[in-house]
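Structures for review follow.
Heads up, the next two complexes both have chain A, just with different partners, chain B and then chain C.
Presenting the complex of A and B:
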């Protein structure tokens, strides 16, 4: 689905943000892009819908180079949810906000109406249909932004820092929702700092630092390697930290999931008693 | 947005950066007055070269060129309108007897249009050097030491400081809307103007939000608690400042003298000799 070949990117200021990235994301895959601030995470994913064009190298979406295709064309297949919903909300009502992209893509009125209903229902914001997006809370605005992207049902969904500014409950809902999207064979790319969120989802992870991919693999392998994580200024999830601290007691050191951790501890306690 | 890049302060160690902002502003104002005084292409061309040594000494040539490139669209617009108005209303030209039909008459109109465009370019070029080499803090300090009330100084420096911030934000908003299929450069002129509504609304809403947050954060830090504010730094004129001030005064005197007593020939007149 997404293929990145020897990608280099420099901003007009001269800052070289990406240095020789090679990456393939298959159809239906769930990828988390992690790394410290300024590692090049957002710069990388902005290449997936053509918002940025490679300085050197190539990015292919469904086998087509992004170099010569407009963002509008690429966006039809690659939906990008920005970090801050306030950077996109402008319409008078939530309904209009969702219809915006559908109109841009030239959907028929009857399809637009159907897709609005579907997206409102999906994100559980039907009650705000006629409300101004500016009157909603931060979490609700985020959901409206997400609905406005999912409305045209893109094959790939990129989410830039989806958990920022969300309370615990919202975060959990969002996590379930993203997992659900992936279960429906959508390719999901998430840019995040949130190790706990990644640990719960357990996707494929690429860890970036200084414009390069440091390591690529399953979350449970990467998030349980404090040495590698330290290079990207990331700390392991809390449950992993506990298990690493208690490694001397014979506990496994590759646990990232709370439920799995609970099982292991319960077994231990039962065996002891 | 590249025109804004040319007004963004770059922290570089150079003689020009170290100059007193008051003197630099006086110098730029002299250039402004000179650009307004002269209407001939020859004098404005000479004027264009005056800020160049400062650009090289301040090591900001790339950013400076970017500001000129950013102003290109407006420059072309100024050139076109001057040429069109000159062609249809040639009565303001002494050398032309309507209707415009000879090559020389066309050249006269062309020269005037080029001169007016160059006047605009000179203004952009000189103010760009000033803003590229003067930090908003120094600018505020300069205003304060010129006995302007602190409230006004603060409002002014904040406005200057937030220009690049707003430019960055505008870019992000444009990216967010492009990712929803908006094609800013599509359609006729009216449609293109309307295309910017989804960019302008979030930009204005966010700017208002940010200003309210800024006001609250300032009040939380005792803004206006004391009438007598002290400053950590104080500006002091140095030798280089006195030299630039003298040069600026001499330039102004020379410009007024030339304007009053010397008749500068037009390029067309010189060529026809």
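Presenting the complex of A and C:
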């Protein structure tokens, strides 16, 4: 679905943000892009919907080079939810916000109405239908931004720091929701620093540092490798930290999930006593 | 010594049909490190705005009850008078930054206090260094990444060395190592300079160990107050749905299965030590 070939990108200021990225994301895959601030994560994903075009190399979305297509056209396939919802929201009501893209894509009024209802309900913001997005809290605005993208049902959904400003319950919902999208064979790309969130979803992870991909693999492999994590300014999840501290007792060190952790500890205690 | 006190505070934004916070009565002592948490839209940010006078002076609306901050009645004092005591780092750094260079942004508050130039230079450099952004001093804030902007916002409040610092999710855009550094800085300011810290936070995994006082809000009201350990193991907190650290969750899962650790861990280190004891005993 997404193919990145030897991608280099420099900002007009001369800052070289990406230095030779190679990456393939399959249709229906769930990828988390992690790494330190300024590593190039957002710069990379902005290439997936053509907001940025390669300085060198190539990015293909569904087989088509982003050089050849407009952002507007790519958007039908690739929905991008910004880190800061204020970069995205502009309408007077939540409902108008969601309707905006649907109208631009030429959907019929009845379909638009249905999609708005569906998206509002999905993100638990139906009560704000007629409210101005700017009256809402940060977390709620984020959900409006997400609703407005999901409403047109793109194949690829890119979420830049979706958990920021979300409370615990919303985060759990969001997590279920992302898993659900993924189960429906949507390709999901999440840029995030939230290790606990990634630990619970256990997606494929790429770890970036200084414009390059440091390592690529399953979350349970990467989040339990403190050496690589340190290079990308990421700390292991709390559960992993506990097991790393207890490594000398012969416990496994590749544990990221609290339920699995409980099971391992109980087994160990029962076998001993 | 009490530094912030609210008595039966109820506040309604102009045009709103119901209050955003209702009958809020809390006490915060000098030198406290407070975590203020609760579901989004529960009134945390509104409560913070009461502490530096944005509510009611900037937002207007209807305020009932009394708010006392550093012995000043908020309703009777101007925002700039309160600003000498209370610094607020906004949730969204872009709403706070406006100058053409990072150091100008950091110096802005000090200029308004008419601080002598030499002292201002020192303060700005100090704040930039603590926030870990000395090398960004000449850069325009709007060209920086979200995480870098967050540090600039923190530095600009730090430079004022307020008695009370309120931070509304100040590390949300930062990578975990960056977030830990900021929490360490806050903890140091809290311990060494006695600055009262009020941290609005959902990610309790990283922040919990620094706090001595947790306030949980729900639907505009104060639902719970207590120490982190009290709050994280409370059934009510679980029902409201606050993000309990995984170390504490592990404790709870083990307890449900008949294994009770000697104390309630908040950090992985504490959990590991407690587990080590049990595992060695078995």
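One rule holds for everything that comes next: the second predicted complex is superposed on the first by the 272 of 273 C-alpha atoms of A that agree within 3 Å, B and C clash if a C-alpha of one lies under 4 Å from a C-alpha of the other, contacts with A are read in each partner's own complex, and residues count from 1 in each chain.
Here is the rule we go by: a contact is a pair of C-beta atoms (placed from the backbone, for glycine too) under 8 Å apart; a residue touches a chain by one contact, two chains touch by 3 or more.
For clarity, every value in this text was computed on a predicted model and none was experimentally measured.
Aligning the shared chain A places chain B and chain C in steric conflict. Of the two partner chains placed by the overlay, only chain C lies in contact with A:164; chain B stays clear of it. In the superposition on chain A, contact of A:238 is made with chain C only, not with chain B. Touch criterion met: A:148 reaches chain B, while chain C stays clear of it. In the overlay built on the shared chain, the residue A:90 is in contact with chain B alone; chain C does not reach it. Shared-chain residue A:110: touches no atom of chain B or chain C. More residues of chain A lie in contact with C than with the other chain of the pair chain B and chain C.
Across the options 4-12, 22-30, 94-102 or 220-228, chain C meets chain B in a clash only at 94-102, per the superposition defined above. Taken together, the two structures place residues 13, 84, 86 of chain A in contact with chain B in one case and with chain C in the other. Those residues of chain A whose C-beta lies close enough to touch chain C in the complex are 13, 35-38, 42, 83-84, 86, 136-140, 161, 164-172, 193-196, 230, 232-235, 237-239, 241-242, 245-246, 249, 258-259, 261-262, 265-266, 268-269, 272-273. The touching residues of chain C, counted against chain A in their complex, run 38-42, 45, 91-92, 94, 143, 145-148, 169, 172-180, 202-203, 205, 241-243, 245-247, 249-250, 253-254, 257, 259, 267-269, 271-272, 275-276, 278-280, 282. Of all the residues in chain B, the ones that touch chain A in their complex are 2, 5, 62, 66, 169, 172-173, 175-183, 197-198, 201-202, 205-206, 209. Within the complex, the chain A residues that touch chain B are 12-14, 46, 49, 51, 70-72, 75-76, 79-80, 82, 84, 86-90, 100-101, 104-105, 134, 148-149, 152.
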